Amino acid sequence: MSENFFTNVEKIQYEGENSTNPLAFRYYDENRIVMGKSMKEHLRFAACYWHNFCWPGSDIFGAGTFDRPWITPFGDQMAHAEQKARVAFEFFEKLGVPYFCFHDTDIAPEGATLQESHDNVSRIVDIFGEAMQRTGTGLLWGTANLFSNPRFCAGGSTNPDPEVFAYAAAQVKHVLEATHTLGGENYVLWGGREGYDTLLNTDLKREGEQYARFLKMVIDHKHKIGFKGTILIEPKPQEPTKHQYDYDTATVHGFLLEHGLQDEVKVNIEANHATLAGHSFHHEIAVACAKGIMGSVDANRGDMQNGWDTDQFPNDVAECTLVMYEILKAGGFETGGFNFDTKIRRQSTARDDLFHGHIGGMDTMAKSLLNAAKLIEDAPLSDFVEQRYGHWNGELGQSILNGTADLESLSKLVLENNINPEPVSGRQELLENIVNRYV
Amino acid sequence: MSENFFTNVEKIQYEGENSTNPLAFRYYDENRIVMGKSMKEHLRFAACYWHNFCWPGSDIFGAGTFDRPWITPFGDQMAHAEQKARVAFEFFEKLGVPYFCFHDTDIAPEGATLQESHDNVSRIVDIFGEAMQRTGTGLLWGTANLFSNPRFCAGGSTNPDPEVFAYAAAQVKHVLEATHTLGGENYVLWGGREGYDTLLNTDLKREGEQYARFLKMVIDHKHKIGFKGTILIEPKPQEPTKHQYDYDTATVHGFLLEHGLQDEVKVNIEANHATLAGHSFHHEIAVACAKGIMGSVDANRGDMQNGWDTDQFPNDVAECTLVMYEILKAGGFETGGFNFDTKIRRQSTARDDLFHGHIGGMDTMAKSLLNAAKLIEDAPLSDFVEQRYGHWNGELGQSILNGTADLESLSKLVLENNINPEPVSGRQELLENIVNRYV
Amino acid sequence: MSENFFTNVEKIQYEGENSTNPLAFRYYDENRIVMGKSMKEHLRFAACYWHNFCWPGSDIFGAGTFDRPWITPFGDQMAHAEQKARVAFEFFEKLGVPYFCFHDTDIAPEGATLQESHDNVSRIVDIFGEAMQRTGTGLLWGTANLFSNPRFCAGGSTNPDPEVFAYAAAQVKHVLEATHTLGGENYVLWGGREGYDTLLNTDLKREGEQYARFLKMVIDHKHKIGFKGTILIEPKPQEPTKHQYDYDTATVHGFLLEHGLQDEVKVNIEANHATLAGHSFHHEIAVACAKGIMGSVDANRGDMQNGWDTDQFPNDVAECTLVMYEILKAGGFETGGFNFDTKIRRQSTARDDLFHGHIGGMDTMAKSLLNAAKLIEDAPLSDFVEQRYGHWNGELGQSILNGTADLESLSKLVLENNINPEPVSGRQELLENIVNRYV
Amino acid sequence: MSENFFTNVEKIQYEGENSTNPLAFRYYDENRIVMGKSMKEHLRFAACYWHNFCWPGSDIFGAGTFDRPWITPFGDQMAHAEQKARVAFEFFEKLGVPYFCFHDTDIAPEGATLQESHDNVSRIVDIFGEAMQRTGTGLLWGTANLFSNPRFCAGGSTNPDPEVFAYAAAQVKHVLEATHTLGGENYVLWGGREGYDTLLNTDLKREGEQYARFLKMVIDHKHKIGFKGTILIEPKPQEPTKHQYDYDTATVHGFLLEHGLQDEVKVNIEANHATLAGHSFHHEIAVACAKGIMGSVDANRGDMQNGWDTDQFPNDVAECTLVMYEILKAGGFETGGFNFDTKIRRQSTARDDLFHGHIGGMDTMAKSLLNAAKLIEDAPLSDFVEQRYGHWNGELGQSILNGTADLESLSKLVLENNINPEPVSGRQELLENIVNRYV
C-alpha cells in the first residue's frame, strides 16, 4: 500500500504574486488564459524522472546525499523501481505538473539479458499507464539511455562495433513503442556518447553515416507503428565526450539537411547545453525557430562560471521572457513543452527541496509567459525590427531577393548613383531598456 | 627609387636543424621533396598584407607602437600605399614566401566615392602585377573588406539596408575581378559583421536569406568572368559581433547545404577561430575534410587564456603535425595553402620581428609536414582506426549501412542471439604516446 | 559661446515606473529617501569621460562610427579638448549624474614633452573647475593613463626600463594633484599594462617589487599633499596583456598584504572584469566586503558569450540587487560610487544613444537599491545565514575559534562521543525563490 | 598469496629514444645524471591511489567500465582493500615509480564509526609499511578525504556545523600521523568542498576564519609529532563547488599572508586546476616560485575545450619544458615531486592502459627535464631577461628600489631632463623560436 513520501507537502496551489508561502505558486495559475490559451497549454511543463528520482545527489567527487531509499545496490531492484514510480507520481500530482519524461533505464533495472531489461521496463510502463490515467499526468517524451552502460562507452549508433548499434536499435525500438503506448508526444534522442574522446581513434565520416542510418531507422519505425509524436534531437557540445556530434542547433540542422531529414526531426533545446556551446539560451531558441526545427525545451540553466552541465532550475525571468517571446512569435509549442531537466543542488538534502526547485522554475516560466505575451501585444520590438528592414520591401531590396539583380547590376547602380549608405543606429540600449519595462 | 626597409635582413636561407641563426630556416627547405612534392608545393605559404603592413601595433587600449612610416593620416595616401607595396614585396621576397593575401582596403586608401576607391585599388593592383612577375610571388587569395567602414557596422550582405548590400556587391565584384587578374587561387569571404550584436533588433531568417543571395551572386560572377579559383568562407564564432553567422565549419556546412552551395564553396579555417568556437584546430580541419569542404587554412594560434583573436604565430609542432596529417590524408591542398593571418605582439617593435614571427611559423609547419608524412608512411594511426571499425565490413555492419536492416530486424537479432557487446579499449593514451614519437 | 550638442535632449526627469518615455527615469528619483539616505547619496553615480567622449565607436576590426566632431587628428587639439569638455558637462548636467571620472589623456592632448602634456591637462582642469562649480558635478575619481602611449607597451611601473617608471610617476603625481584640486573623492590605478605578454621575457618577482614601490610612492604623495580620498586598484585578469597582475580582488588583497598596504588601498571592482576573471560580479563584491577593501564599482556588464571586455550597461536587476545588498550590508559606499565604465554599442550611432545607455544603467541600479533595501529590512537571507552557522556560537564552535581546541582534543571529542554529523539542507533553491520575490 | 593482476606487463625498462616498444621508456632513465642529480631525484614521480585503483571508470553520465574486481558494494570490504593494496604495489613496482600518494578513504572502507574507519586505515597502513620496505617505494604525500562523504557536502573546516570541523580535524590527525609513520614527505590539503555553491547561504568572512583555524591546528600538530614534511595546499578554482576558496596560487598566497602562515605552507600545483582557473600551467608554477611557495606538482593536463577537470596525462613536451625550467631555476624540488593525478580515459578499458598513460607522462616529463637542463645551461632566456631589466641596476633604478626616490623627485627628473623613453622590442616571437629549438 502506497504511503506518502513527501509527507509535509500538499498539492501546490496558486496563491498569487504576493504570497510568501514557499510551497505555493505566485505566477503559475494553470487555468489562466493568456493569448487565448491556458497557461497549462502554453507551458506544457514536464518533470523528469532521472534527476528527481534516480540520482542520489552524488557528483564526481562525492557520494549521494539525498534521502532516496529505493536507490541501493541491495535488495529487490524491481520492488525499488515500483516504489520509485509511486513516489514519482505522488510528486507529479502534488506539483501539478501535466507531463513527465523518462529514459528506459531510469524506470527499471537492467536485466541480465536485453529481454529481461525489456520485461522490466514493460512492467513499469504498465504501472505508469494506470498512474497516468489516475492522475491525468501525460508523457511529454520518452527516450532510451544509450550512454550509461559500459557497452556504450564508445557510442551507441556511432560505435566502432556494429553489435552495439544493433543493441541500441533494439533498445530504442522498445522505448519508442512504450512511448507510443503511453501516448507520449515526442521521442528524444540525446547522443551523450555520440561523439569522440580523441580524434586519434575516430573516423568522423564513418560515424556520421552510422548515425544517419540510425536516425532513418527510428523515423521509419515511428511511421510503421503509427507514432504521431515528434522525433527530437537534443544538441549538446561536449560532456561526457570531449566533442559531441550534435554540438548545437545549427550543427544538428546541417546534419539533418545532409541526410534529408529536416522535415522529420526537430530539436529539444536545453538552456545549459546552449551556454556550454558558447551560445545564449535565447540564441539557440531563435535559431531553431528561424530554421523551422523548434521542437521542445529542457528548461534549466547553467552556471556561467562553471564549465559543465549544472542543470540548475531556471530563475532568470529576464532571459526566459525573451525565450518565451521567440516561442510565442513562432506560434507556441506543438508537441513540445518545458521539461525541467534540472537537479537540486547536492546540499539540498531535504525531501521538499524538489518542490522548491520546481516551483521556482515554474513560476519563472509563468511570469516570463505573461511578460512575453505583453511584448507580443504591445509589439515594441517587432515594430522596430520591421521598420529597420523596411527598405528590403522596396524595389532594390526585392530585386536582390528575387534574383533579378547581380553583382554587375548592383555595381553599376552604386557607381552611377554614387550610393554611399550611412549607418543608422541599431538602438540596442534603447531596446534593452524597453525589454526591461516588460520584465 | 626603392630603397630597402628591412635593411638588416637578407634573404632567409635554409640552414638545417642545428642552425642557431635566428634569421634562417631550420626545417623549411622549399625544394625538399616529401611524399612526391616539394615542401613549397605542399605548404603553399602566404603572408598577409593586413597585419604586416596595415596595422601599426595598436590595440583597443593603446596606440600603434610599430615603425610603419606609411601609416599616418597625413600626407599623400596613395604615395603611402605605394611605399607600403614596395615594403611588402621586399618582405615577401626576403622571406621566400610563395604567396600573399590582401583585402582591397589594405592596399589602397578609400576614396570619396566608390569609383575613386576602385581606381585606387586598381592602381595598386597594377603595381602588384609587376612586382609579382618580378619576384615570382603569387596571390593565394584576395578579399573585400566589408567590416571596417562604418557603413558596414550592421553587416554587409546581412545589413538591414539593401543599399549596403549593393555597395558590398560592387566592392566584391571589383576585388574578385582584381583577384582573377592577378591569377589568385581563391577568393575569401570573411563575414566579420555578418552576425548580430543583439537579437532584439535582428531578423535571423531574413538575414540568412540575404546572405545566401549574396553568395549566389558571387558564385555566378565567378563563373561569368571565368575565375577558376575556389570561393572560401572563413568561419568565426564572434568578434567583432556578438555572434557571427559563420560560427564554425559545421555551421557553414549546414548553411551551404540549406542553399545548395556545398559544391561551390569551401572553408578557410583559422586556428584561432577554431579555438574561439570551442573546438581544437585539429577538429575544424578534420570536420572540413570529412564534409569535403576543406579549402585553405589561416595558420595561426590563439592564447587559450584569452578570449579574443590573438592571431599569434603557430608554434606548436605537436598540434600542427595532426593538422598536417589530416590535410595529407585528404590529399593535400588543391587551391588552398597556409596563410599566416598572424600578428607580432605589440611589444615586438623591431622591424625584423616580422621575420622572426614568420620564420617560426614556417618552420613549425615544415617540421609538422615532415612528422605527418612519417605518420602517413608508417600508418600507426590509420592501421589502428581501420582495425577498430573492422566489424563494420562484416555482414551485420553492411546490412545496417546498406539499409537492409531496420529496428525490427536488429531487435530480433539481439534478442534471439542474446547479443551483449563488451567495450573494447579505445587506447587513447597509447595512441597519444605513439603520436609523441613522431613529434 | 557654447551651443548645445545634444539638441534633442532636455534634462532627464524622474517620471515613475509606468513612464514609457525613453528619456526619463522610471526608478532613479535622486531625492527619494531609502534607509535614511537619498538615492543620490547611496548610488553616487558617475559618468566616465573616456568611452563617452574620447571613443569614436571604433573596434579592432573597424573605424569609428559615432558623431564626435572633436575626435580628429586634424586641427587645433586644445580647441577640440575644450569643445569635448563643454559637451561632457552638457551631458553630465542633462543626465543629472552627480559625478564624473577621467584619465589625464582623456581630457587633453599629449604634448611634445611631459611639461606640455601637464600644461594641457592643467588648462582643462581649470575649465573643469568652473564647470563643476556651475553645474554642481563632482569628481568621483581621476586617474593617469599609463597604458595607451607606446612608451608603456611593456608596462608603467613594471616596465623593464626605470625611465618609464619615472615617467609614469611624474604623470601620476600630476593627476593625483589635479584630482585633489578638483575635490576628487578617490584616485584609481588600473594596471592595464602591468602584467605580461609572455613569461619568456618577464621577471615576475622583480616586476612585483617595482609595482609595490610605485604604490608606496603614490600613497606617500597622497599624504604629503593632504589628499583625503581613497587610493583604489582596479582588478582585471587580462586584456590588453595576456595576464594582468591585479587579476582579481583576492589577488590584489594578497599583493596589498605582501607589502603592508592593506589599510591604504581598496579596490575598484568592475563587473565585466569580474566575469573575465571567472567570477560573478556578486562574488567580487562579496570578497571585497569580506576582506574590508571594498572601495568603488565600475558598474557595467560583460557578454557571457564573448571573452573580452564589452563594457555594456548594467541591465540585470536580479544580479545588481545582490550586488547592492552586499554593499548595503557592508555599510554602503564611503568615498566610492557607481561609475559607468560603459560603452554604447558601435551600432548605436545616434547622439542620444549615450542617454539611453545611462538611463537604463541608472534605473537598473536604482531598482536594485530598492530591492536590496527591502531584502535588508525583511532579512530573509541574513536570518537564514545566521541560523545556519548558529552552532558556531556554542561551546564547541567557540573553543575552535578561540584557539582552545586542537587536533588532539577534537579527535578525542569525536571518538569518545561518536560524533557523526548529518548534512543539513543548504536550501539553495528556496533561497533563490525568495530572492526572486524581491527582484 | 598474491598472484599478479597485470599479467601481461613486466617491469618497464628504459630502451632509449628509438624504441617502439609501447611498454618501455624512451626518455626516463632513472639513473641518468642531469645537472648533478639523477632523473629519479629530479622528477620524484608518484602514482596516485585514487584514479588508478579506486575509480572504476565511471563518469557523471555512466557506470564504471574498468576491470577492477575489488570495487564492488558486495563482499568483505577489507579483503577488497587488501587486494587493492597488492595490485597497487605490483603496479608501482612494475612501473618503477619511486613514490605514491593516497587519501585515507582510498585505501580502506569507512567504518560505522570514526574509530572503525581509523582502524581500517591503520590496518592498510601497516600493509603499506611492509610493501614500501619490500619494494623501495616511498610516500610522496598523504591526505584526508574531506569531500566525498555526505557529511562534508557543505565543507570540512568551512562547514556551518562545528561538529563537521571536529570530525575533519580528527580525520586529518589520523592521516597526518599515518603519513608521518610511513615517512611521507608532504601532507596535502585539497579543499574540494571548502568553497560555496551559492553566496546566498554563505558567510565568506566566517568561513575564512574557520579555515585559517583549521590550518593552524594542522601546522601545530605537525610540529607536535615531529613531522618534517611540508604542508601543501592544492589550489583549484571550482568543481565540485561553484567557487573554491583556494582558487589559484595567488589567492592561496594571499590567504597565507592574511593569517601569517606563508612560511609554513606551500602549494601543490595541478596543471588542470591552473587551466580551469584561467591560467597556464607555466603561470602557476612561475607565480609559486616568485612567491617562494612552490611545493609539489600534480602533473596532468586538462582539455582546453572542456570546462571540467579531465585529469589527463601530460603529453605536451613544449609546455612541460617551461614548467621544468622554472622548477630548475628555483632550485628543483625539495620535498615535492611530480604526482600523476591522472585518469586514463573511460574507454581505456584494458588493464595495461594504466601503464601506457604513466609511461607517456613520465617520458614527457623526462624529456622536458632534458630540454630544460639545456635551457639552463645555454641560458638564452635568462641572458635575455637579465639584459632586458639591466637598467634597473643603474642609479635611477636603484634609487627607486631603495626608496630614495619619490613622486616628486622622479617628476622633477623627467621634466628637467625631458625624459621620453622609447619602447624596446620584447622579442616574443624570437624567444618562442629559441624555446622551440630546445623542445
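All chains are identified by letter, namely A, B, C and D, in their written order; residue positions are counted from 1 within each chain.
We adopt the following convention: contacts are C-beta pairs under 8 Å (C-beta built on N, C-alpha and C of every residue); 3 or more make two chains touch, one makes a residue touch a chain.
It should be emphasised that the depicted structure is a prediction, and the values quoted were computed from it without experimental measurement.
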| item | value |
| --- | --- |
| Which listed pair, B-D, B-C or A-B, duplicates the contacts of A-D in over half of its pairs | B-C |
| C-D or B-C, whichever has more C-beta pairs in contact | C-D |
| Euclidean distance of C-alpha centroids - chain C vs chain D, Å | 36 |
| Whole-Å separation of chain centres (CA-atom averages), chain B against chain C | 39 |
| Of all residues in chain C, the ones touching two or more other chains | 65, 150, 153-154, 197-198, 238, 243, 278-279, 283, 305, 345, 347, 349, 423-424, 426-428, 432 |
| Parts of chain A lying in touch with chain D, wherever the complex brings them together | 57, 59-65, 73-74, 147-150, 152-154, 192-193, 197-198, 238-240, 242-243, 276, 303, 305-309, 345-347, 349 |
| Complex contact set, residues of chain A against chain C | 20, 22, 26, 65, 275, 278-280, 283, 304-305, 313, 315-318, 344-345, 347-350, 353, 356-357, 359-360, 363-364, 423-430, 432-434, 436-437, 439 |
| In the complex with chain D, residue positions of chain C that touch it | 113-115, 118, 150-151, 153-154, 159-167, 169-170, 172-174, 176, 197-206, 208-210, 213, 216-218, 220-221, 224, 237-238, 243, 247-248, 250-251, 253-255, 257-258, 277-279, 282-283, 286-287, 290, 322, 381, 384-385, 388-389, 391-392, 394, 396-397, 400-401, 403, 405-408, 410-411, 413-415, 418-424, 426-428, 431-432, 435 |
